[in-house]
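Quick heads-up: structures coming right below.
Two complexes come next, and they have one chain in common, subunit A, joined by subunit B in the first and subunit C in the second.
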Partner chain A sequence: MTSLPIYATTGQKIWHYTFRVIVGLILFFLIAPIIIIIPLSFNAESFFTFTPEMLALDPAGYSLRHYRDFFTNPDWIRPLQNSLIIAPFATVLSVSLGTLAAIGLSQSHVPYRRAIMAILISPMIVPLIISATGMFFFYSQMGLWMENTLGFSRSFTGYVKVILAHAALGIPFVIITVTATLVGFDHSLTRAAANMGATPTQTFFKVQMPLILPGVVSGGLFAFITSFDEVVVVLFVGAAAQKTLPWQMFTGLREQISPTILAAATVLVAISIVLLATVEMLRRRSERLRGLSPN
Partner chain B sequence: MAEQMMAADGRTLKSSLNRALRRQKLRALLLITPLLLFILITFVVPIGQMLFRSVENQIVGDTIPRTVEALADWDAATDPVPDEDVFRAFAADMMVAVEERIHTRLGSRLNYETAGISSQFRRSGRDVEDMGEELTAQFTALDPAWQDPATWVALMADPDWIADSATAQTEPAFIISDAARDALPRTADIYADFARVTQVINTDSPTEEQPWNVVYIALYQDLIANPAPQIAGAPDGLLGAAGAAVAGFVAPDMRAAFVDSDAGWGSTATWQTIQTYSPAYTSSYFLNSVDLKQTPDGIEIAPENQQIYVKLFIRTLIMSLTIMVSCILLGYPVAWMLANLPSRQANLMLILVLLPFWTSLLVRTSAWKVLLQQQGVINDLLVWVGLVGDESRLTMINNATGTIIAMTHILLPFMILPLYSVMKTIPPSYLRAAKSLGATNWTAFWRVYFPQSVPGIGAGSILVFILSIGYYITPEIVGGTSGIFISNRIAYHISSSLNWGLAAALGTILLAVVLALYWAYDRIVGIDNVKLGG
Partner chain C sequence: MQQVKNDEAFVAFERVQKSYDGETLVVKDLNLAIPKGEFLTLLGPSGSGKTTCLMMLAGFETATHGDIRLDGVSVNNIPPHKRGIGMVFQNYALFPHMTVGENLSFPLEVRKMGKSEREAKVKRALDMVQMGDFAARRPAQMSGGQQQRVALARALVFEPELVLMDEPLGALDKQLRETLQFEITNLAHQLGITVVYVTHDQTEALTMSDRVAVFNDGRIQQLATPDDLYERPQNSFVAQFIGENNTLTGVVQDISDKSCTVRLDSGDVIDAMPVNVGAVGDRTKVSIRPERVEIDKTRLQPGAHTLKAEVLEFIYMGDIFRTRLRVAGMDDFVIKTRNAPDQVRLTPGTKIDIGWLAQDCRALDA
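Coming up: the complex of A and B.
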């Protein structure tokens, strides 16, 4: 496929290049919408299209006004803060519980392994709208109980509800990535450690954890992005005080569309590039550590 | 017989090994349990509760229990409007419900089945307090003691309660005496509700409040049935005199009072609705979600202008299939190219696939909203090139086209990644072998390569289909009215129309479809083999 053999016929040559053009167009379809919002977010006007000044590359056509709005307007700052409060807590919760369970699941004799796995993966499979509907009923009762019986403040309860809901949604990703890392884990290493007198805790932290860490971290990143990007469940479970960044973008898109959304979107694209790079790096490191890849 | 093998501690080897195995299983379960409990509580229970809500209908029986009981043997065929007994029971139930402020909730519930009932409940809720005051006036005229709360407490209260409330700092919860229950069953029943509402909701004391008019109606009914009730400790002669006089009273006409308050109470349909929906569990939400309707005469098809859900389910399926097919068509060439490029170039190309996968869903949706608008980039470009006139710009958003384009873009990586992981395992030598045996390019691809890539297509298709069938955000933003899915309707019933039972029923149907597909996916691919990001 890389290069055409010298005996290729004209028809084959034409097909070879047409095919490349087709694939190129599909990739363009995948990437272009994401790329195009970046220059648009520097628009000096409140338009969603390129102004003549922008097309003429006139510096006057570009400005940072939408970014200024994004970083100063409380309508955007507050949701950004909320997202940065909710996502890390949800991540910590799903990573700690998820890693333990993944280690349990990777043992050789686990009764009902298939059924347990199905339950743990279910938050990823059940459509978000159904999760949100179910959680809406359950968490509003739970919130009332926490406020009335336990005496917590309304805002604290609100955060707890959203964090628990998001942690549940992030868990399948942690389970999947960590179990995948554990598949290649050599159990004779833990036996060797035990043989040399290490306690189970020592073995876990000194031998097992460093080896599966890349999987844990990338599972954590998945859980983080799940919470950071989630809007359906938070719409149903959260109150206005827990409005997150995606929620604000969603209402913005539905009601009054302001170009600040494009600035927010660009910031999020930058974040996803960083996350993607991290996950990719971790994956390679993990493969190298486990000797799955020659380099 | 051979001697059994022994372990170092003196047990047989077999039991020693079994013990080790049990311990290992236990340790694995201990590690899994916290998460399993967490998921069960935060996720599985809420979903189960939602499923339950789709059949639950306690609200009718809980709010108007007396009416439900009185209506049980009403037959609309012989008697178009229920008799006075039903209306008296209904007046009592409404009085309690109004005081507890739950009558409007029942009104909204029944309004899902018969439009207009909600306003009937609201209107009569305001009037019910004054209904039957003529009867109360007749009792008071007979003996002013009937207007005194103390008379009622003396008649109704349990002697222990009277003793307790005399000494206690705060009044204990009211207890009806058994004697009152035996002698005046209806009165005791409604008075108990009156005392509870007075204490709990109005934080008042029954010793200081005159009972509702409906209590007098119950007393009237009890006295008509038994003119000489005996209650030990009742004020002398009071009950006897009343029992002798009630026969001469002008009977309360609650039916007239209700019809006067709202003519709807005189219609057969209203009462049929209440009767049909009085059981504690109902299939009506499920029937409604497939455009059927439960009527007193059995299950019928909903009127034409209300048939929306079957259409919406079909549209959701067709659009999900369209998106799935577009994803196959667009994903296959890319996956093929990825699988056949040298690994360095393939990795670079993979990043182009993974970047959209990692980008926020809302970013991608907003990008399409911006691109597809009539004044958006694509239309500008088409006008500039001259393909489209400035006045005939294409409508690509707020319709099905917008949803399909945006969702194909969003779900494409979910097709490419499983396809790629399957194609990577197909040895390129097979194609070469086919060609050297004389196959044309097409035959070699279609007969040799394609069949081997089918598992990848299957995996990707089910994944894309499962994801798209439950999508909410993207159709909501770019779908307008003709491009929305069943999930948007569910969200509408949760947050706007507040018909939660219907939302739960629609959700249950959707969940059943998704779980069936999930089961198929597990069969074909295995859930353990889900790969994220290559």
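Coming up: the complex of A and C.
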């Protein structure tokens, strides 16, 4: 924290402290809605409000019953399982396709690079409800074809549809983060590797991949969170069998206002914090590697 | 060194052309034969095509036309990773995520060499460049000179017969550059490898190479040993590019086999040696090195032509004196004299006569 220089005028002093108050207010504005659900989720009663016992910090006012409900009630377990099936597959797809696209689009000889990049990133810019509507028509046709022509079961087809749709939403994040890492990538390294006898595949996995890994991983985390938190597209594309956690929370909010939703939300927030902390650690690591590299 | 025939050369460029855009040729009709074990430098200003030639040899660029042969085999259709050529890059290109040891081990690993053999070779290569204690370091933890030594070791560790170097010392300070120049030439000769070295630094080219190919405008202007290049430039580009040089322009007045006289634009007549001038009446640029100009008339051949000169500036440079003269109407005629006890120090304003031996003054293309 910087202290005021002794020559600061009264006006500067007033601004110095006003500035801190403003910053504090912005932080509060951003975080309060998220923070407030955490104590509420430990409510001993089935209410969405702070009980007098909670406000008095009486231990009897708090309990883990909503967490117990979240982890035992089939209404919640099934969506949790669905989310844990769909998100990893969608992430793997997003990461593989997004990384390849970013590498391809970073080569100067590729024609119409900007146009292709814009198309690939569009799911991030187009309003979600519009993407979802488009995906509904596209994937319902594809689903019918998979069921009727290829003979896959309805449930399998449903998962494939949601996974593909979520992968499309995650790809832009991967492309953006990987492209950003590739900007600092020294292409003479791949030349050096080829020169020493490494095949293009060896060069990719042993030289290029380790160096762009931070970008790949953070893109992957964003893709994972996107799929894990997504409710609009899955409502359009999925069937009841593919009900995910956000979907269950969404319907739960309308049908039964149970604090279990708050427990679920807290779990999601915790997962997001862990994932974002990982991203930050990776970013620091890559900066260390890159900051000290010869360029 | 003898001129080598293309079919017995280790590396051969035959009628090679390169164009990036399909219109302008960056390399125009390159013919070059490099015998085994030679240290050849491609020297030229930036944009002269020297780096493009190196990249074509390494396989990172393809020749638009012509044939490049390595040990008698055309490499046009061989990808870079199958050519087995070592290379040192200008920016070192060490893998930042690997230690020095892992960097050196990389070319051996992709060749599926056993662990113990790999370790022995890595150690030997690092010892060769006096970096034996640095195997566990990462590139980022080393100075530029140390990184360049490691890059050199990495290019040599898999024992290639041909090593390419792309301005490897460009980013280093003068002292380190001189030490490494010496070490690189020594290593190359010890190991008997063929080296193709690219630089724009003429001192580097002259001190390190067996032969130097001077590039300009996509063509080799002259391919010769360092002393030939300096003392017997074949055209005015080479004379200008290599070392310091005084140029006078005029018309050939009289020509015989070994000598000619040139009437300068100022009207003065001088003696010169015809190198690539045609007949009487052709325009020519004569080139004379600053250290070959004689200010002591008694040391000239009897009957030799002299020019009147006026001293404009005298610069004391320690080992030599650099004196700027006005000669034949030009203000930038420079002579260099050795700092010896009996050497006269010319003061500005002095009028003197200068001359030279006809063989030191070369009449070149205009």
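The rule is simple: the second predicted complex is superposed on the first by the 289 of 295 C-alpha atoms of A that agree within 3 Å, B and C clash if a C-alpha of one lies under 4 Å from a C-alpha of the other, contacts with A are read in each partner's own complex, and residues count from 1 in each chain.
Just so we're on the same page, a contact is a pair of C-beta atoms (placed from the backbone, for glycine too) under 8 Å apart; a residue touches a chain by one contact, two chains touch by 3 or more.
Source: prediction; values computed, not measured.
Participant: With the two complexes overlaid on their shared chain, look at subunit A and say whether subunit B and subunit C clash or fit.
Facilitator: After superposition on subunit A, subunit B vs subunit C: clash.
Participant: Which touches a greater number of subunit A residues, subunit B or subunit C?
Facilitator: B
Participant: After lining up the shared chain so the two structures overlap, which partner does A:44 touch, if you call subunit B first and subunit C second: first, second, both or neither?
Facilitator: In the superposition, A:44 contacts neither subunit B nor subunit C.
Participant: One more residue to check, A:80. First (subunit B), second (subunit C), both or neither?
Facilitator: Once the two structures are laid over each other on A, A:80 reaches no partner at all.
Participant: A:92 contacts which: subunit B (first), subunit C (second), both, neither?
Facilitator: It touches nothing on subunit B or subunit C.
Participant: Which partner chains sit in contact with A:239 here, subunit B, subunit C, both or neither? Use first/second/both/neither.
Facilitator: The answer is neither, since A:239 touches no partner chain.
Participant: By the touch definition at the top of the document, which applies to A:133: first (subunit B), second (subunit C), both, or neither?
Facilitator: Only subunit B; A:133 stays clear of subunit C.
Participant: Once chain A of both complexes is superposed, is A:160 in touch with subunit B (first), subunit C (second), both, or neither?
Facilitator: In the superposed model, A:160 contacts neither subunit B nor subunit C.
Participant: Check the residue A:36 against both partner chains and state whether it touches subunit B (first), subunit C (second), both, or neither.
Facilitator: Touch partner of A:36: subunit B, not subunit C.
Participant: Give me the intersection of subunit A's contacts with subunit B and its contacts with subunit C, in residue numbers.
Facilitator: none
Participant: Spell out the part of subunit A that touches subunit C in their complex, as residue ranges.
Facilitator: Against subunit C, the touching part of subunit A is residues 186, 188-189, 191-200, 202-203, 206-207, 210-211, 289-290, 292-295.
Participant: Sort out for me which residues of subunit C touch subunit A in the complex.
Facilitator: 58-60, 79-87, 89-97, 106-107, 110-111, 138-141, 144, 147, 154, 158
Participant: Taking the complex as given, what residues does subunit B use to touch subunit A?
Facilitator: Within the complex, subunit B touches subunit A at residues 21, 24-25, 27-32, 34-36, 38-40, 42-50, 53, 330, 333-334, 337, 340-342, 349, 351-356, 358-371, 373, 375-377, 380, 409, 412-413, 428, 441, 466, 469-473, 476-477, 487, 490-491, 494-495, 500, 503-504, 507, 510-511, 514-515, 518, 522, 527-528, 530-534.
Participant: Which of the residues in subunit A come into contact with subunit B in the complex?
Facilitator: Its residues touching subunit B are 1-2, 12, 15, 19-20, 22-23, 26-27, 29-31, 33-34, 36-37, 40, 47-50, 97-98, 100-101, 103-105, 107-111, 116-123, 125-139, 164-165, 167-168, 171, 173, 176-177, 179-180, 222, 225, 228-229, 231-232, 236, 246, 249-250, 253-254, 257, 261-262, 265, 268-269, 272-273, 275-276, 279-280, 283.
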